[in-house]
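Below are two complexes that have subunit A in common, paired first with subunit B and then with subunit C.
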Partner chain A sequence: MDVLAASVAGIEQVRVRLDLEKASMSGIVRLTGILSFGAFMMLTVGCQNQTEQTGQGKVAVVVSTLNNPWFVVLGETAKNRSEANGYAATIFDSQNDTAKEASHFENVIAGGYRAILFNPTDADGSILNAKKAQDAGIPVFCMDREINSTEVTTAQILSDNYSGCVTLGQHFVKVLEEKGRYVEILGLVGDNNTWNRSEGFHSVVDRYPDLKMVAQQSGEFDRAKAMEVMDSLLQSTPDIDAVFCGNDAMAMGAYQALVSAGKEEEVRVFGFDGAADVIISIAEGKIEATMMQFPKRMAEIAADWADRYLNGERDFPSKMPVAVELVTARNVDEYVPYGKEGD
Partner chain B sequence: MAKKEIRSFELNQRFVGYLLAVLATGIFFVLYPPFRVVPLEETQSQAQEKSFDASAFAETFWTDRLLGALDSAVDVGKLLAAIRDNSVNARQEFAREFGIGETYYYFVSGTGFVHSVGEGFANISLSKSLDSVEVRLLTANIFGNAIRNGTGLLDVSDFPNSRGFNAISLELNRLVETRVLPSFRNQVETGQAVSFVGCAEIREDTQEMSSLVLVPIVLELLPESE
Partner chain C sequence: MIDGQVRLKQELIRFQSIIALLLMVVAMSFLSDNFLTTANGWNILRQISVNLCLSIGMTLVILTGGIDLSVGAVLAISGAFAAGLLKNGIAFSEADLLIQFSVSGAILAGLLMGLFLGWFNGLMITRFRIPPFVATLGMFSIARGLTMLWTKGFPITGLGETFAIIGTGNYLGIPMPVWISAALVTVFVVVTRKTRFGRYVYALGGSERASLLSGLNVDRIKVAVYTICGGLSAVGGLLVTSRLDSAQPNAGLGYELDSIAAVVIGGTSLSGGRGSILGTLLGCLIIGVLNNGLILLDVSPFWQQVVKGLVILTAVAIDKMSKKLQ
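== the complex of A and B ==
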């Protein structure tokens, strides 16, 4: 039985029992139990932020994790834009877990949502979820993260991570003057963004034989995990000149580890995202560079395309890359967190 | 005494039993390990193996499609005149866009004269007097997606996994480095006439470019008379 239906059933039971047993003490005890069950089930629908339904119906925003401010911006923007387009929107947090994501999709399908704005947890593992929605006649629009099938989504609006990291790699080579030892902290290994970033970076940096990667480890796109990884790497390979991180949360985690080891002045940190704390840190000279993605832009396009789809349009590109831009101390004043000045 | 022997026999029996159990467990885990440590590089290459063969794709694309599409490249003189006249209109008329952003591409052909040769590039003047540089041909490491995106022959929507699409760029760049550049680098001299076809990647924030930077697809040094 899916969670949403269970919570509705729980509430219905409460109503019936209210009529039959309102004078009875044992009924009150039972009522308390049922109420607790209903409340519990509603909470388990979990980590979601529901708004009142409006005339156009409901849109679901399923986000890989809300434990990273970047995805909070992506999810909130998609939700706000959908609401501005006349829909009730709900954010579902998958907590980087495909099983939770699958459960959200079941709820969304059972709950009568009309479209899904989807930030998947896994390029392969999320295909089945999108397929279920498609089979139920619900269009799926991917935001930022790709799934390895264009058959089950209406469109995928994605950052051009590879090109971004070609640019970042060229900047990396320039800053390090073509020589030095560095470590790479990867994102989630099941996510295409992780490898597109890494492969774009290495398509440049590997051409310079005096730039040596001395360690490569996953920090799972997580700040605390990256801090832990960097801490451990600094003990095994202390003599490094730079660290390339697959996202800004990990760049901040790596920087914190470098501060703890007293090495923040000698090791250059490179990130990817354009998150608020990294933009500030670039301006302060703590982080060397990042690539600005545009989460608001991607979320707005996804929400608008969902609206157009629900109004009858069917002609969408399967994939729509969105360019990313290099942010360094030289041009940081042109940018704001998660976008560009004036966006 | 007999009791002691029986007890000792029982202890030995129990010990052998434990030993066999430990051995059996050990053999079981050797045959069916509960987990396996896999290097990240291995998972990465396994994932790539699942995708298509970018090298073979690039090879076929180069021979069967790209070389047959060279006529669709815009003439460099015409393009530069259009840019000088109105860069926004020139972009609308001649550029190829890739997704949403401020980067766009030109697919260009032309003939010029080698103005100067530097590390990783050759500057080209469109006039024989060599009084200006209009084109810079890249002649060393080739990075990025200029050819893949600039020709307009490939569509990202045709590739379910963007990693495969990106790998095409890497392979096309490798073909440029191995097939197009070596003979040119070995023979080029200042003042020589050269015929070229290539792609330029333009970023909106570098509009003040002084010359068109091209990743060459075809480079041919022409005889003196031309």
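== the complex of A and C ==
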């Protein structure tokens, strides 16, 4: 009996691995077609044999992008949890493009999926997509990012970027003892999370006149870009006390620039996300603080609620905020990358 | 005689870029006290080194009348490939075998990956007659997908101090990336001006039909050019990875546009046959000075993009007008 269970678990793992490969291969499959029709057929057939149904039907995980490890964790957790709940689950990558997201929704609706775990690309642009699913009778559960209509979603499980940055701002003020010069490195300037974070931070910090922002530049949520920006900023404003970065990748980039300039001891770096590198760097005393968002927690709640919905439950809160927690050297040992110890 | 005229034109075009660059440097040094310092000078040179690697390859490709849209994606997979081999090696679980890589082995593997993907581009373009735009667009997606497969979407970090030298080290007080890109510029200036291969590249871009009729092995030259471009993208990938001590799954996003911009600002004609590596160096410097200067002046990130676009348009417009006058 145990042997049987073990081998079933083994098969389950193999299938999970193959499905992961499938998700990231979709881009390749598309273009190989241009180059060689034969290879296209082989790859397509190779990918298709994954979609055999299990007893409970299929769940779609539509993620805004897989170009950032944070969203990879969100998507994979949602998928794994759904599979643990007895569904076949597939990840769709919208590549930060609301139009691609729309065609994913069309395919999901046509493909007979029973629920959608949704990480939208755009708070307004994604409303129509969710509405299409709702009209087709498929429940939509938002993860991490919200859309500006609770009528088209069954529930939204959200990370509160604004109030997270309010907390971070309060800690920032405390660490700097209410005075000093700092720079802010923003995320992508066209992304609403960039501004939610920035505004939350400034709602606190701007009340202290002795805390002066000497520059505000965009690092596009990217490590290399943030390092370049920080390199240049250290030329124009060498005497600063702190850097606030809109995500953890940029915090790592800024830290690297400070190391090359020999200023890593004097300048405190603040990030946002709870990414692996930064959790380790906080433990090593390199980065001052970050805000832990809980992608695994949010994805698991969404997957479980979808399961409960499909088993007849209808009573879900339309919005459910998942708290974002401050991580500093003081409490860093309670945390692991993308979550808490024992999550 | 005709050759002399062509050369004169090229010199004039190069002169224009120098004037534009000088004007920018003078303007920036008036606007910001921190611009014209030695530290900031090295800073700019270090920042343009990656774009310079890509742009040298792009110049050769554009000189033949082609285009390579895959440079940023090839940069990403080459850097990630080297980083993954260095960090984890390759495991063959069936044979219970783990192959570990030394720093130089990993670097070599990264370079070979770039050269191979470039060669594949060349093969598609020559053997299957796929237009360069489409062939390299295909490679763009393939290399991006391979990077995601290889990294599983997570950065590969913690690559050790030896590997960090090529991106962060100094030799004689000059940053390593500057040495590397300067060496590449020197080599390819000589290659384009003094070798038979260089003359063939220009000839091919001037008129492919004429080159074919005069007995040049057009296909072999093209394959060589795309292979070199892939290899130079890999050098860029190794530099980025080493500087960040991390191979990012989305490294080099949009770099193909930066390098095309540098080549065009440097006076190389998109229709091929006319342009130079030194022009491209100036193009990279102009973009580098602009990026750096706009940040030093704390210009709003919204405006920075507009200004960059205007500079590209102005550079090309002046280039066109001056040719009309001649």
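The rule is short, and it goes like this: the second predicted complex is superposed on the first by the 258 of 343 C-alpha atoms of A that agree within 3 Å, B and C clash if a C-alpha of one lies under 4 Å from a C-alpha of the other, contacts with A are read in each partner's own complex, and residues count from 1 in each chain.
One rule holds in what follows: contacts are C-beta pairs under 8 Å (C-beta built on N, C-alpha and C of every residue); 3 or more make two chains touch, one makes a residue touch a chain.
All values reported here derive from a predicted model rather than from experimental measurement.
Of the two partner chains placed by the overlay, only subunit C lies in contact with A:D277; subunit B stays clear of it. In the superposed model, A:Q56 lies in contact with neither subunit B nor subunit C. Of the two partner chains placed by the overlay, neither subunit B nor subunit C lies in contact with A:T328. Using the contact criterion defined above for the overlaid structures, shared-chain residue A:Q134 touches neither subunit B nor subunit C, since it reaches no partner.
With both structures placed on the common chain, the touch criterion links A:N148 to subunit B but leaves subunit C unconnected. Looking at the shared chain after the overlay, A:N80 reaches neither subunit B nor subunit C.
With the contact threshold set out at the top, residues 186, 189, 216-218 of subunit A are in contact with subunit B in one structure and with subunit C in the other. The touching residues of subunit A, when paired with subunit C in their complex, are 20-21, 24-25, 27-28, 30-32, 34-35, 66-69, 72, 186, 189, 214-218, 222-224, 227-229, 231-233, 235-236, 249, 252-253, 256, 260, 276-277. Contact residues on subunit B toward subunit A in their complex (touch as defined above): 40-41, 43-44, 47, 98-103, 141, 143-145, 156-157, 159-163, 166-167, 169-170, 173, 205. Residues 123, 146, 148-151, 158, 160-163, 166-167, 169-170, 186, 189, 192, 195-196, 198-200, 203-204, 207, 216-218, 297, 301, 317-325 of subunit A are the ones touching subunit B in the complex. Within the complex formed with subunit A, the subunit C residues making contact are 32, 34-35, 37, 39-40, 43, 46-47, 124, 128, 130, 134-135, 137-138, 141-142, 144-146, 148-149, 152-155, 157, 168, 240, 243-246, 248-251, 253, 291-292, 295-298, 301-302.
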